[in-house]
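Structures are listed in the sections that come next.
Here come two complexes built around chain A, the first alongside chain B, the second alongside chain C.
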Partner chain A sequence: MKKTLSKNNFHSVGNSVIRNDVIEKVTGTAKYIDDYKFGDMLYGATVRATVPHGNIKSFNSALALKIDGVIAVYTYKDVPGKNEVPFILNDYPLLASDKVLFHGQAIALVVAKTPEIAKFAAKKVEVTYQELPAINDVHQSLKKDAVKIFGNDNIFKRYDIIRGDAENVFEKAAVVVEGKYTTNYQVHAYLETQGMVADPQPDGSIVIYGSMQCPFYIHDAIVHILNVPQNKVRIVQTTTGGAFGGKEDVPSIVAAHAALAAYLSKKPVKIIYSREEDFQAMSKRHPSYIEMKYAADKKGKITAAQVRYILDGGAFSTLSPVVLWRGAVHAAGPYNIPNVKIEAICAATNKVPCGAFRGFGQPQTTFANESLIDELAVKLNISPLELRRINMMKVGSRTATGQKITRSCGLEKVIKQVVQKSDWNKIYLSPEKRTGTIRTGIGIAASFYGVGLGAGGKYLDRAGSYVQVQKDGTVIIAIGNTELGQGVFTVISQIAAEMLGCPYNFVRVLKTDTTRVPDSGPTVASRSTLMSGNAVRNAAGIIRLRIDKMVLEMLNVKSGAVKSNGKNYFLSSDPKKKVRYQDVVKKCYGKRINLTSNGWYAGEDVTFSQETGQGNAYYTYSYSATAAIVKVNTETCEVSVEKLVSGHDIGKALNPQLCEGQIEGGVIQSLGYALTENLIIKNGIMLNPSFAGYLIPTSSDIPEIIPVIVEEPYHDGPFGAKGLGEPPMITPATAIANAIYNATGWRTDKLPVTPEVLLDIKKHLWKKI
Partner chain B sequence: MFSRFDYYAPQTLNDAFAALSKNGNARILAGGTDLVVNIRSGKIKPSLIVDLKKIKWLSGVTKTDRGIEIGPLTTMNELAESSLLKGPYSLLSYAAKIMGCYEIRNRATVGGNIINASPGAETLTPLTVLHASVEVSGNNNKKLIPLNKFVTGPNNTVLSGGEIVTKIILPFYPQLTAGYYMRRARVKGMDLASVNCSVLVVNPNNIEKCQVRAAFGTVMPTPYRSQKAEEILSGKKITLDLIKQAASVINSEINPRATSLRATPEYKRFMVEYFLKTGLSKILGVTF
Partner chain C sequence: MEKNIKFILNGKEVEVTVHPVKTLLKVLREDLGHTEVKAGCEQGECGSCTVIIDGKIVNSCIFPVGQAEGSSIITIAGLCKEGELHPIQKIFIEEGAVQCGFCTPGIILAVKVLLDRTLSPGDEEIREAVSGNLCRCTGYSKIFSAIKKAAVYMRTKK
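Coming up: the complex of A and B.
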């Protein structure tokens, strides 16, 4: 697509059509997994470890089995295939055999006639342990004499990205700033907890229904665990009540538990987690520890960046290696820096395994680099905006991995609009000039985001589709990506309508099912619009060629360009020559023309090499910046966020209202990450596994949010679109931290910034004076 | 998961007493906003629930010779909207108004709030500074217990198994007596108080007779008042220096527990002076 793209050229894409799942969700008729019932259905409950690290000394299910209504208790011994959940390193056992590595790890499954009996019986299964010393944090984990819980060094994965000669530059640099940053866990807090139903079929196959992001991951997991052929497994996504990465990796565990129980009991088995169980056992955003350094010349040109980035992976690696990778390649920030040294490590601890979460490692590294950029601005005595303007990525810049940005880079426009819409120039004052008990502050943070899996999951970056025009002109579509509330089914429908030339509301997207299209990779990495969008564009384009041929025939012309306004086809050269969409479809059916097609799309190739840490990491990037305006009570140290202006270059907004919704949702999630969400795990035990103890923002905490969309089209995206799912979660937290600094002069090195954290800083500053 | 229990909703207090005396493992249900949560988490496993909601006279706010009488089943929203809880008592209706969320305030009762006796309970510090007394009825007797003797620790009161709280009584106060309730919560919407405080100034316009009371929640197992600190502030013109002295006395007396997840002991200690200063400043209309 060219830059002259304007939405006036389209009848469907670019419009804020009402999302196609809204009625069922708003009226409460949508069917979530707990609404599914099957005849003779049994219920599963999980027996979980009660110590953070230990050898299992004894296991006794006799008491549980005596309880009326209990059908069976299954352990690792009953797994017909491999007792491991396939992620990347396959270190996570489906059910613990001889040892447990975190409090809450699954040991056995109780299957009973009611969920109440199953849960009661799970507590009656007796497990004794020989407790072992537990690793509570990454510093302890990486010590030479530490207990080893993974390999011989407790390191799940390590990456080194080296460009130029950072060490040498730091020695001679005019200005150097450095900082150490820590960020805490974040809980996905999806409304619907994890849940699955496995339904065994008479032919020996099995169907899994459930709340999920990645049906194909689950498909692979079931094959691996049950040791059955690929074609004996079918995974169907049910309406999913929130995901945010939390339904990406760990649902494979829940599904495999249900599948195992159903396979062995030969009855449908449902497993639904309680909120507390979901908190304790499901994945989280990784806590991080980051050491960061920037060098600059006196004019503010950044000459080098150095990062030591450590993630707390928890007890098993799940997707930690790729979370680490994404954070690492973006760790230097959205700046053109010639010398970069990034060392990234994910270490094992005896805590809940961390995994995918919207932003995928980038909220952590962004907190470090964007806090430090602000520090650098202070040291250089230039404004934080000016420093960013001098160094920000533009066409022609290179990333930390040496990738040259050749096109579709809207960072400059994004920052410009965010500055304008936040009234930055009116509000900004340096902290020394602020007075009073309640002080206002404004801060900014910027980021870039590699769309799709890139080199982190290169072979998975493809997608299939199936498009079928029915006799009455309505359309059925199957894709491999899932609807998580982000609105992808709506956007897919818009793309199909645009390509086929039919009204948007003629299109229906089927629930995602692994038997309809080939493995299309996961619904993650803000990739669905790009990948499935292109796959649908491909399939619908094939059908459209056949339709156009028929249109010409019906209009009695030999050749010419056929256009559509969503109702009629007409000749580009003579718009009066038109024919109704449904009449063309009818004619095609009459003439036995196939209006069905598969589609396929594979992302552009990437060249990043793990050995050198250099090369193209992603085929394109989205760019974002958020400005935060806060009020800080300098007495109580309480922070009130007043306004968040969040700007995003996403290539093309196929549905602007949905894009704004994504931005608002991500911004709010990031607000919680910044201020209140504070999961506490002490000696391996989670102390606040509930919404009374773990505080996400309430509606009263939501400030004015101004979403800003910038369109720098990506030539290979559907109508120019890139991706937007995750970027809104990446910058707001750091913008808030920078705004707190601007209000008070208090620089936080940790998230969340609770009043306690600010009080510590305040006391420390007083001591200095 | 819920354990099994019987449910009984008596029409009269006598029927309630009869049911309670027959079952040693019975629990009283008022609003249920604590009880049901505790049953669900398995913290308590009663075999009988006695629901008092059908005994209508147990709810409502009235004015009698004894003072302002509040029925234990009066909900938070009823407290918040009561026309009798104005002036000296307005801090109680304000505390009720910001507790939990609207839906919880429609259920939660003042009797349940004081009997659950959470250290940060919203109504406890206002009732403490208002010198509330609690009328406890047994099968054949009735006694009036001052609130500070009624609450004995977190989730603990002197109430024994067969007894029911039947009234909460607030004494009359001179005109112009005024109070202020403050709390720190982690979010602006629904949260439990991390630390809270009620300040009451009796006779604010008469320096000699002026009496300052301040009760702090979550800094000790039960709402804490410092006699020494109140003496420092009472009967004289209040200055920032006196407030600092009083705060320092309170801080030497309290011992906030380190295991609270809602606020650190350091933060709670820091808030003592802030609460005193803010409360007195709002009540007296002066800036310190």
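Coming up: the complex of A and C.
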């Protein structure tokens, strides 16, 4: 155990204990899905569309079926239930029937004795198409005369959030700034590709094992496509090699493919994606196009914000409606603005579907609003920090949806610490004062983040747990959220140990399995610590009451508060009166006391209404800000990020080392988003579906990272905790863009800001001069 | 055509009868059951499949097994001695340098090659040593600090 942040009165939570899944990970014995083998196992490969938009004219699997080792080729006709993957709008077919909407869409499944044969045979399935005009970008999609690929207007979802009277304020405002911003795709690039095994059982049930974030989503999908009762489907997560949102929705497709093949062939079927296939077929961060306006008075008080926020959804809607919603709710930025008008639209194109990715629509809107805030500062001739200080959210502020912030708002503290730890005051100079070929710059971006699903997924925001103290005092826990590398099983163990009064290393969290706890929603939206943490707190608390009663009995006292130091229980009023944890457990078992309990937690009520676009969107918010220090070579336009200071108000750091890990990992994903990660899709075809063509940060690209944690407790969170997984991905990219501006005076309206983009801005400025 | 190929794997002699252009990764995982070697891209880009061959780091996913004839190969399973973790493994744990764990075996092996060469690596040497190993979770920060700490520990223990 090492450093804690604030004064910590707990024996377990708040300490940087060693994560409990780490021995198997450093020794290589952890089993990821491709490491499992079942007797008689078959292998699946997917036949994919080779055109971006077309009617299927013919389908012929005769050649593939002749190949030695091929067992079967399955199509949509073989689906016993509904041929659709149940996301939100159910527009995504499990296997294409008469038409395809993107290059790479699944059409059929080949099942064979080896993965090599299956993949070879998949290429031999002959599909011919009548090609149709394809929609390559979202602007084209929204034109009245556009080809229609979804509904009668290509719009997956639209939200309007209106507060006050922004239009009127803009007309009379002292200062108005506006900008148009675009961001590109981002690929999750988890190191373990998608993979599933489906294992049919003699009783007609089916078990799915695999790499996933959301076992309950997969459960629903399998029931839907196989048309079997819910109690015949069991989903078990295997050790998962990174996810970041990429294993939220789309594993339902992979699992449903494996399940279909296993159900029909009556053999276990494994499907593991190649890296190229994973790039081409799995969801991505949405490209965005954002028009943004701020109005302010002469002193810098922002009086109005107007946003037109458009997402390119790709061919099917997956989770686009909720990604759009989160982005829209946060689109005006973490500021107290009385008049707001936000129009948010996600539309279809003939490209790979976009879906969940850490940040969930917010990195895009943050790029727009935080770039424009800097522009507003320039126009007002005040520092970007001062402008943020004047307008930032505090207790008493209201969000764009009219939600009053009544508690747990640490944005001011976060910005203060980030400024201090980045040496802002020493480094900041206005761009016109910077000289030389290589110029230093510093920039900041801030954000707020609604923890959990909030009103976007209200009925899903609950979680169950199961806690059982064994006879020797060790503890078994089941939760419905998944361990993805973020360390949630460790944090859950810490919470249980704290509540029960046992040592942390006595607690074991079982691999997530849908038969152990009720549907606990997805492992997304930085919700696991809050939701499953509270569910475990609930269950362990029930057990603790029984334990405390026994402690009093063993100490021969009638009443009194019982405390624990993780080894012994003692009386609060007389700490010398103590009994060993394990002795109490033994006594309880001897007296036939039940040391097992289920737990449950449901989030507080939210009031957001889709009709008015107003109301409380989330229970609570985490707040963050990042300062970036960059060096820009004004000749070559190369950017080197020197330092990132990223501060986060997360309520309470239950494990500071894991929190730092989340911050450091998130900011580096955001650095990639800012500078190098540039997926190219031309005429519907992905041109760089590999790590050679799509550049995620390597060890050579890493600046100094200073994670900063601020604790403004949330009263309903476990020990005050809010959430942290997503926020580190939201602000750094924009902080880098703002730092580039500060170094050079070059304002990018595009992410990623590659040397080519900067060179373009430089040339453009030249022409002006 | 299949061939008999012999090499030393984690100190023990093994023999396989496979086509010599089959990748070492597939032979290790499929024929020899060494699933601790991970397949991340099978294009030689991510380093998840890293093994040490005669003291050098190699992406086993693009290495034909025929070329391994007579060589000595170490996977992460060969790092523990009698159940005792290697100092690099211990320090990766302490420093929080592991998240999803998929890149971890490859990175630890790359670090071993570095620290076998020098116990006083500079910052640039450290970055260079793991630059062929992608990690999407950690932002590398805690990996760097673990490497530095492991070097100090191994230097003082020597």
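Remarks
Everything that follows uses one rule, which is that the second predicted complex is superposed on the first by the 762 of 769 C-alpha atoms of A that agree within 3 Å, B and C clash if a C-alpha of one lies under 4 Å from a C-alpha of the other, contacts with A are read in each partner's own complex, and residues count from 1 in each chain.
The rule is simple: a residue touches a chain if its C-beta (ideal position, glycine included) is under 8 Å from a C-beta of that chain, and two chains touch if they have at least 3 such contacts.
On a predicted model such as this, the values are computed, not experimentally measured, just so you know.
With chain A as the common reference for superposition, the partners chain B and chain C occupy compatible, non-clashing space. In the superposition on chain A, A:Leu484 makes contact with chain C only, not with chain B.
Shared-chain residue A:Ser699: touches chain B and chain C both. Of the two partner chains placed by superposition, A:Asp153 touches none, neither chain B nor chain C. In the superposition on chain A, the chain among chain B and chain C reaching more residues of chain A is C. Legend: residue contacts after superposition of the two complexes on their common chain; A:Gly28 is shown touching chain C, with no touch to chain B.
Shared-chain residue A:Glu756: touches chain B; no touch with chain C. After superposing the two complexes on chain A, the angle subtended at the C-alpha centre of chain A by the centres of chain B and chain C comes to 40 degrees, rounded to the nearest 10.
Contact with chain B, but none with chain C, is seen for A:Lys119 once the two complexes are overlaid on the shared chain. Contact with chain C, but none with chain B, is seen for A:Leu658 once the two complexes are overlaid on the shared chain.
In the superposition on chain A, contact is made by A:Asn688 with chain B only, not with chain C. Closest contact between chain B and chain C, by C-alpha atoms in the overlaid model: 5 Å.
Across the two superposed structures, the residue set of chain A contacted by chain B and also by chain C is 692, 696-700.
The part of chain B that touches chain A in the complex is made up of residues 1-2, 184, 186-192, 261, 263-264, 266-267, 270-271, 274.
On chain A, the positions that touch chain B within their shared complex are 116, 119-120, 635-636, 638, 640, 676, 680, 687-688, 692-693, 695-701, 754-756, 759. Residues 16, 18-19, 21-32, 34-35, 188-193, 239-244, 274-275, 484-487, 657-658, 660-661, 664-669, 690-692, 696-700, 702, 705 of chain A are the ones that touch chain C when the two sit in their complex.
On the side of chain C, the complex with chain A involves touching residues 35-43, 45-46, 48, 75-77, 79-80, 85, 89, 92-94, 96, 98-105, 108, 126-128, 130-131, 133-144.
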